[in-house]
Amino acid sequence: MFFHKKEPIHTVNVDEANPHFAQLLLEQFGGATGELSAALQYWVQSFHVENPGIKDMLQDIAIEEFGHLEMVGKMIEAHTKGVDQTEVYKSTLFALRGMGPHFLDSQGKAWTASYLNEGGDVVRDLRANIAAEAGARQTYEELIKLATDEGSKKTLVHLLTREISHTQMFMKALDSLGKLTDPMFGNIPPDDTVNIYYNLSTHGNEGVARLDERGPWNSAPRHCARTYPIGF
Amino acid sequence: MFFHKKEPIHTVNVDEANPHFAQLLLEQFGGATGELSAALQYWVQSFHVENPGIKDMLQDIAIEEFGHLEMVGKMIEAHTKGVDQTEVYKSTLFALRGMGPHFLDSQGKAWTASYLNEGGDVVRDLRANIAAEAGARQTYEELIKLATDEGSKKTLVHLLTREISHTQMFMKALDSLGKLTDPMFGNIPPDDTVNIYYNLSTHGNEGVARLDERGPWNSAPRHCARTYPIGF
Amino acid sequence: MFFHKKEPIHTVNVDEANPHFAQLLLEQFGGATGELSAALQYWVQSFHVENPGIKDMLQDIAIEEFGHLEMVGKMIEAHTKGVDQTEVYKSTLFALRGMGPHFLDSQGKAWTASYLNEGGDVVRDLRANIAAEAGARQTYEELIKLATDEGSKKTLVHLLTREISHTQMFMKALDSLGKLTDPMFGNIPPDDTVNIYYNLSTHGNEGVARLDERGPWNSAPRHCARTYPIGF
Amino acid sequence: MFFHKKEPIHTVNVDEANPHFAQLLLEQFGGATGELSAALQYWVQSFHVENPGIKDMLQDIAIEEFGHLEMVGKMIEAHTKGVDQTEVYKSTLFALRGMGPHFLDSQGKAWTASYLNEGGDVVRDLRANIAAEAGARQTYEELIKLATDEGSKKTLVHLLTREISHTQMFMKALDSLGKLTDPMFGNIPPDDTVNIYYNLSTHGNEGVARLDERGPWNSAPRHCARTYPIGF
Amino acid sequence: MFFHKKEPIHTVNVDEANPHFAQLLLEQFGGATGELSAALQYWVQSFHVENPGIKDMLQDIAIEEFGHLEMVGKMIEAHTKGVDQTEVYKSTLFALRGMGPHFLDSQGKAWTASYLNEGGDVVRDLRANIAAEAGARQTYEELIKLATDEGSKKTLVHLLTREISHTQMFMKALDSLGKLTDPMFGNIPPDDTVNIYYNLSTHGNEGVARLDERGPWNSAPRHCARTYPIGF
Amino acid sequence: MFFHKKEPIHTVNVDEANPHFAQLLLEQFGGATGELSAALQYWVQSFHVENPGIKDMLQDIAIEEFGHLEMVGKMIEAHTKGVDQTEVYKSTLFALRGMGPHFLDSQGKAWTASYLNEGGDVVRDLRANIAAEAGARQTYEELIKLATDEGSKKTLVHLLTREISHTQMFMKALDSLGKLTDPMFGNIPPDDTVNIYYNLSTHGNEGVARLDERGPWNSAPRHCARTYPIGF
């Protein structure tokens, strides 16, 4: 059962309305990396996750993300309210669609559940969530760089902060399952090609006989670098 | 520049054609967790990633994924070719759309780039890739459980295996950047709420005064559990 | 700010799991007429609606719809949990995507915000909401006819009931604005064609000289029936 | 059977070409609230609606909406034809996609049948149509405010006018079924929760014991306001 | 301006209702290769095509396609009307969405304008139309093979016939522009690589030194076969 | 099996970075007429095409198109790299999504497989490919007109050139099957309406008794012009 209090979960300050920036903010309201994606992904996972602790954590974070969605919505409202006679406003999608937030991204694309990654296994879910948080954090960083007033910046730093907090929680949960640094999970053992590195993208004048670049991903004992059989 | 050899990157064996299973296999050809998603996500990242070693790795794995896409396509071809007069075939989407693979998922939904998670930062990209591999691995596990012939199963185990291999590579790359177990990345420092756990989803008769469940994500020193201010 | 209690807003009873019916239930979880559409449409309207009473009502109903979304999710969970070895289960999308709800409709289509109708004017919003409720009610009626256990039926009757309750509230609100039975709203006066009925679809052997069918929509004084000028 | 006459159903005047305004006009050609949505929604309903009078009305209005779609298309054509060397033109999507209308909205999103609301019951259909007209009227009002020449404005006022006319017709039809002001329809009787108002969104310092706002939707005898049980 | 007569443009006969076949028929109502795609593509082209003869032809064919859309709709109506208590009906999407046509394809995917190919040049448009007709014809052939009553088959043969007629008209129009067999059009002259054939997909044990297969596309004087420079 | 060499298939020169032009270039990376559409359409066809020569040709061209996709990606990279502090850059989608290519079109719409036309018959496939090339060529022509540096223009002329080359190859292949100028293909003979031209779109004051425009598509012996029966 859901409840709502009219006060936002954290202060929302907008010093000066900027409808163009409001359109950019839509990215975190109705965009791929936005708060709706986060809230719905974690919450829908909570139905199939069996582990009671992780289930509870997914619900706690999902509800917080709904609160963040509201914060972003309030920022967009503040950046568009009462400015509808300006030329800047007229150049945004709010002129036709109305002021306030919509479930669109900054390019006017409607939100779609195709953004979500979830189902079947808690390890997959948690890895998907760490990725979702990374996308959200990245967009917040770009928005902070583009923000034109200090109040908006400060609010966005809080939202970015909480993505880091959630990442930490998801990492802790994944670690409690032993799956933060172990690539394997599930019930199907891999076959004997698991340790091969295929060097399929090469520099032309170097040939395929040696690796183009070396790193821990293709030189450690476990992943013995192997060029592909010669002759092709 | 791309090249192609007509032999697949790994053996594809289908012992007995099953058009219904072919439709399920579409999930890994044109579905969210499929090989097209993987190939295009890693490859498009390689344009903006600056680290030469990780850029090369992304290209090597992307090209391998194109080879896997081809393998899944050949499985679908083998499961639909020459069976078009059967009742089972007629109940699949191949009856109207033609035999062989299409860029659709098992439910007939066209592939969309909304499935991809990439951009702006290599840490975000690598975390997105670990998540993509987890989704792919999960779908392969379900397909292996649903497969009706041993040849298909064996081919699918190879494909599942390589998702684990790629996960390992992405984890090694992330670890080389110090970001496999550290939640933070990027240039914006978090504010002082980074360590708070919000207990927003509760059992009714327990109140919000104590946590519903405990785990390393809400009891470790860093994330000191804090119930929300009383009174709501 | 959002909160969540782990008990559903109303009893959810499933007497016997039926994964095929669970797939139909997805229509009200991630489908066009489903609870997510309702919750998000009403809630997003509350940002731009200025009338404090209607704003509060939109929020109250939106939050209830989130609770209904949870109820539908719990029904889907109950209809899929622990039945994954059956042939019926294997013929559903849950076999590949995992048990429990997903933001898909009964045909496997991902939810999209293109389903929403909102923006710019409270009259438009309320009319859109009455339409949304009518769609939801219609789908619940079909689901009740297709349900195979009494518990599911009873839960669905409650959800259908509440769509009627919400319709009543939206009608009362629209009536309080004088717009339940008055077609006009907004600030632009219509031109003098407002009362014309164009008879553009005709029976061939009748010609366009007289109306095909009569009803209050083309014979009342206000809408004097007018056939289109002869000669075309 | 369809026919077409090359003259538009109503005069289209564009005094001065403005490619930027043409892009906004796409909203009513290939957008959610546009004429294609209206034409296809009403026309597809006419296949399943049994009432012969309402079926005929749906067809008459649908055909008129196809004529309006043509008018909007002609406006877009006039606003883009012969202006392709200007900087303003180059900043619109017509520079890449070609002059004239396309089935895109003002943000470049392709039209989708996900915009439609129809099926199963004539009451649901008519309510959906009143909502569709409200959305169309709202967009026309915004376009009229943004239009930069008198001819375009006048043409748009006619199109807005006809949305009001259609609303009137749909209301009359709904009223002839007794469903303009009665929330119920269909064959399933509601359960005994039909009269409850759930106060789920509250002001924090007021508690849930009293309603936040009062209106006819939560204080009339039928909808006796009920706060949710205390203790949560 | 559009008109409509209630009689279909060609006889529609359905001998025996088959709701499962009705779902397949949706492919030509709301699917990629369906009549809506054809009608809208040709009609929208008529706004930008300058050649008056081809503009008229596009309009004539578009209007016929609207008539065909109606025929397909009537077939779907006949295949679903009055059969809603059967098990076969319950296994189709009509059980939830209501009887009669919807703008969905046979897999339940909503129609999208992303299916259309048009804009900027009449040669491009006509080539796109020949391709659209080929797709439509292919789907009709499959539907005829899958049809379970003679009346439906005969109606479908008529619809397939007209796709051939339209193809002929588009070919004649393209030929009148000298572009049926000449690959070039538009105003930009090609560079000197226009005659090269790149042999990029090879058999492994053959090398790239010789072509894998020969045909007029890589051995005629104009397209002198050239293997790619050795050394890669 | 796929391989990749890090050198592009053809020189990519960008003389001066222009992030706004980079956004336009997305049309050929992740847009409907772009290189991904071409590469995937031809390649997926190669699975079901039986003719070994045409299958090989489809694979050769598909692989070249992947190389072109890479070239367009490199152009976008060059037009966005290192310019992220400029106002022009900030007005593009790269500011939020990150520099370099993404699978979006110039309007920010994610690529979808709904753009593809393929399946069931090689004649349909080849016609679809000629249409795809025509769309791609058209977009390249517009991009060349909009390009702001000579290097980009020259690279784009090469890409346009190769679309002509591919058109030529597809025409030769279609001609080798006798289907370049013959409208019919497949196994279903048409009915006796194949030669009729329906004059359904008319000038009002001319009536339907005579054709509006004449051309080889409605006056040749094969397509005897026929006005529709009088009386409607």
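Details
By written order: A, B, C, D, E and F. Residues from 1 in each chain.
Everything below uses one rule, namely that a residue touches a chain if its C-beta (ideal position, glycine included) is under 8 Å from a C-beta of that chain, and two chains touch if they have at least 3 such contacts.
Everything numeric in this text was worked out from a predicted model, so none of it was measured.
The chains in contact with chain B as well as with chain D are A, C, E, F. A repeat of the D-F interface exists among A-F, A-B or A-C; more than half of the contact pairs are identical by residue number at A-F. For chain C, the chain whose average C-alpha position is most distant is F. Using the mean of the Cα atoms as each chain's centre, the chain most removed from chain E is A.
Interface chain A/chain F: under half of the residue numbers present appear on both copies, so the contact uses mostly different residues. In whole angstrom, the spacing between the mean C-alpha positions of chain D and chain E is 30. In whole angstrom, the spacing between the mean C-alpha positions of chain C and chain D is 15. Work out the mean CA point of chain A and of chain E, and you get 39 Å between them. Along chain E, residues 1-7, 9, 59, 62-63, 67, 98, 104, 107-110, 112, 114, 119-121, 138, 142, 200-201, 204, 212, 232 each make contact with two or more other chains. Against chain C, in their complex, chain A makes its touches with residues 1-9, 30, 36, 40, 44, 47-48, 59, 62-63, 66-67, 70, 73-74, 76-77, 97-104, 110-114, 116, 118-121.
The touching residues of chain F, when paired with chain D in their complex, are 24, 27, 105-109, 138-139, 142-143, 146, 200-204, 212, 232. Chain F contributes residues 5, 9-10, 32-33, 52-57, 59-60, 62-64, 67, 112, 114-115, 117, 119-121, 123-124, 127-128, 130-132, 134-135, 137-138, 140-142, 144, 157-158, 160-162, 164-165, 167-173, 175-176, 180-181, 183-188, 190-191, 193-201, 212-218, 220, 222-223, 232 to its touches with chain E in the complex. On chain B, the positions that touch chain E within their shared complex are 1-7, 90, 93, 95-96, 98, 104, 107-110.
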